[in-house]
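Please find the structures below.
Same chain, two partners: subunit A is paired with subunit B first, then with subunit C.
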Partner chain A sequence: MEITEVLDIKGEVCPNTFVYTKIKLEDLAYSGGGILKVIIDHPPACENIPRSLKGEKINYELLEVNKIGNTYELLIKAPSVED
Partner chain B sequence: MENVRQYLGMKYNLVGVKILTEDVPQDELDELRPDVPKQYCQFVKEAALGKSFVFLEDDFSCPSPVVTLGFSEPVYIDIQPRISPAKTKAVKIGPTSEIKDPDVVLAILNPKQVMEVAILLDGIEAKFVGSMAVCGEGTARPYMENKPNVTFLCGGARIYGGYKDAEIILGTPLETFKKLSAKVEALSKTCGALCGCLTSDISPYVIEGLQGQGFEKRTDYFFGKVDDKNVRIYLNKDLSGRIDFITIHLPVKGEVKVDDPSLVVSTRGKWTDVISTHPMDGSIELETGKGLIEAIKHVISKVSI
Partner chain C sequence: MGLSLDEIKRYSRQLVLPDFGSREQNRLKNAKVAVTGAGGLGCPVSTNLTLAGVGEIVLFDMDEVDLTNLNRQFLYTPADVGKKKAELAAKRLSDLNPEINVSAVTEMITYDNAFDLLKGFDAVVDGTDNFPVRYAVNDACAVNKVPLFHGAVLMFEGRAISIIPGETACFRCIFPEAPPAGMVPTCREAGVFGSMTALIGSIQASEATRYLAGMDIGLKNTLLVINADTMDFQKINIHKREDCTACGREFIPKPVGGTVCADRIEG
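Up next is the complex of A and B:
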C-alpha cells in the first residue's frame, strides 16, 4: 500500500486531531486523492478521527488502525475530487 | 438550586443534563431537537443562556459526545471517561428549572466560584486532560463516578463553544448538588453564628437609626452599651442582600445562667456568649431603633451571673 502523505500530529489532542486530519484529507482529495497516514499519540483520537469523517461530503475510507508502541497510525483513503 | 447560583453570583443558568435510555416521544423531539448539529459544549453554553434541547446521536458536529455520553461503544480503542454501557438513546439538557431530576448539573464558573464550592463540599478532586472536556470530564465522569469533577474545557469548547478563558465547568451529580444547595441554605440562616454581614453597604438610614441608639458602626457589627453591658448588633442579610435577621450578642465574662430557652448560649474561653435572633417582622425597626433597646434589655434581664 503506497502512502501518499504522512500527517504526524503527535502531541495534539481532540478536537485538533480530527480538525487537522480533515484539512489534510481535503487537500489530498482535491489534489488527486491518495492514502494519508495519520500518526497520533492521543488514544481517543483513534475513535474520534474515524467518527468525524462519517458526516463528510467526501467519502473517505478508513483502511487501518495500527498501534505501534505508544503511538497509533491511521491509514485513510481520500478519493480524488474535482473542483 | 437557584440559591447556589445566587450565592456564587453566577452569570449563567445552571444546566441540568438528563441521560435518557428510553425513546423520546416524537412531539418532544419536534419541539426540542436542535435544527443543526453542533458541539455538545456549544449546546451546554446555549442551555446556560436559557435554551433547552433533546439530542439524538446525529445531533453532534463533534464525534466525542457520541461515545462519551454513551450513545455508542468505542470501536477501535477504549475511551475514558465515558458513560458505559452505551445505552443512551437521547440526552436532554436545559436550565435546571426546566429539567426535572437531572443526572448531572453543570455550572459554568470562574476559579473563585469553584473555590467557594470546594470549600462548601470539603474539597473537589479535579481530573482533566483538556480533551473531550464538557462531554467527558464534565458530564460522563460525574455521571459514572457519582462525584463532582472540574474541567478546564478543551480546545473545541474554547474555540467553537464560545467559552471565555476564565470560564471552567463544574459537573456535579444531582445528589451532591442538593447537598451543596442545603449548605448554602444553612449559610443564609447563620443568624445565630457570630459572623455578621459587612456593614459598609447598609443603608445610611439604618446606620443613623442605630447610631441614634448609641451604637457605633464596626466592620461587620454595631457596638454599644446598654445598662453598662457591652452589646453587639449583627445585621444578617439574605442571599439577595436584604437584612433578614438581627442578632443581638451579649458577651459576658464567666459562666452565666440564662432563664430563656429561646436564647442561644455558647462558651468562648472565659467568655459566655448569649445570643438572641430576631426576624425582620416589624418588632424591631432599624431606621428608628424602635424595639431594639427593649429587646436588648430583655436579653440582659434573662442573664444572671
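Up next is the complex of A and C:
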C-alpha cells in the first residue's frame, strides 16, 4: 500500500487531532486523492478521528489502525474530489 | 490552498464543522470585504469577519468616536473620544487577528465616489447610518455587481437582508425612494438598543461569511425584521423589480439628498 502523505501529530489531543487530520485529508482529496498516514499518541483519537470523519461530506475510508509502542498509525484513504 | 499550522489551530473550532473545511477557510482567506460604517453595526460585523479569517477588510468611516457611541460600539473606549473610528478599529482588529489585513478609509462615501470606492470587493457589508450613503452603497454594489449584506437598527428593531446582484432583490427594489427627511426619527430622538446592533451585525457577518465561504445563506430575497420587545423574528419575502433604477433593466442614477446627519438611522 502506497502512502501519499504522513501527518505526525504526536503531542496533540482531541479535537485538534481531528482538525489536523481533516484538513490534510481535504487537501489530499482536492488534489487527486491518496492515502494519509496519521501518527498520534493520544489513544482516544484512534476512535474519535474515524467517528468524526463519518460526519464529513467527503467519504473517507479507514484502512488500518496499527499500535507501535506508545504511538498509533491510522491509514485513511481520501477519494479524489472535484474542487 | 494551504493553511499554516497556526491558522489551522486558530480556526479549528470552525474547521471541525461538518460543512466547513480547508476549502471554505481558504475562500475566506482570499476574500476582500468592505465594511461601510465602523459604528454600532460595523463593530460586530468587522469583529466577526476578522475572527472568522476574512483575509482583507477595508473599513470605511469618516466619524470620530463620541461618548454616546459607547453603549454599543465595543471596539472603542472613553480614551478614544475624538479619534477616527476607522483607524482605531483597524488597529484593534489587526491585534485580534494578525493573520489578516485590515485598513481604514476615512473619506466620506458619497453618491459621486461610492462607485469607485467600492469597486474590486468580493462583498460589501453595510452598517451606514443615513439614507444618502445607504442608497449610494446599494446603487454602487448593484452597478459593480458586488454582493451586499445590509443591516439597520432603530430603537428596539433591527433589519437585515442579503443582496446578490443578478439574483436577488436589492435595497432599492424594496424601498425605491428614501423617506422624506424628518419622517424617520433620528437616533438622537429615538435611541438605539445596543444589543440589537450586536445581533443584526452578527447576522450580517454570518451571511457574508457563509456566502464568501461558498455556503448557502438564508436572507436572499428575504427581509428579516427582529423586534426586541417580543423577540419576534419575522421573515418577509421580497421580489426583484424589473423597473428598479439600481438593479433593474436600466440603471438610472438617483442620489438621495439631504445631509448625512439629517436622518440618521443606526449603523
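Keep this in mind: the second predicted complex is superposed on the first by the 83 of 83 C-alpha atoms of A that agree within 3 Å, B and C clash if a C-alpha of one lies under 4 Å from a C-alpha of the other, contacts with A are read in each partner's own complex, and residues count from 1 in each chain.
What we mean here is this: contacts are C-beta pairs under 8 Å (C-beta built on N, C-alpha and C of every residue); 3 or more make two chains touch, one makes a residue touch a chain.
Because the structure is a prediction, the values reported are computed rather than measured.
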Simultaneous placement of subunit C and subunit B on subunit A, clash or fit: fit
Looking at A:Val6 after the superposition, I want to know if it touches subunit B, subunit C, both of them or none. Which is it: first, second, both, neither? neither
Quick check on the superposed pair: does A:Pro43 touch subunit B, subunit C, both, or neither? Answer first, second, both or neither. first
Applying the document's definition of touch, where does A:Leu63 land relative to subunit B and subunit C: first, second, both, or neither? neither
Given the touch rule stated above, what does A:Pro15 touch, subunit B (first), subunit C (second), both, or neither? both
Using the touch definition from the top, say if A:Ile23 reaches subunit B (first), subunit C (second), both or neither. second
Just the number, please: smallest Cα separation between subunit B and subunit C in the overlaid arrangement, in Å. 5
Using the superposition on A, tell me which residues of subunit A are in contact with subunit B and, in the other complex, with subunit C. 15-16, 18, 52, 55
Given the complex, residues on subunit A that touch subunit B span 13-16, 18, 42-44, 46-52, 54-55, 65, 72
Under the stated contact criterion, what part of subunit C meets subunit A in this complex? 1-3, 5, 8-9, 12, 15-16, 18-19, 21-23
Residues of subunit B touching subunit A in their complex? 37, 61-64, 66-67, 74-77, 79, 129-132, 154-156, 160
Considering the complex alone, what residue numbers of subunit A touch subunit C? 15-16, 18-20, 22-23, 26-27, 30-31, 52, 55-57, 83
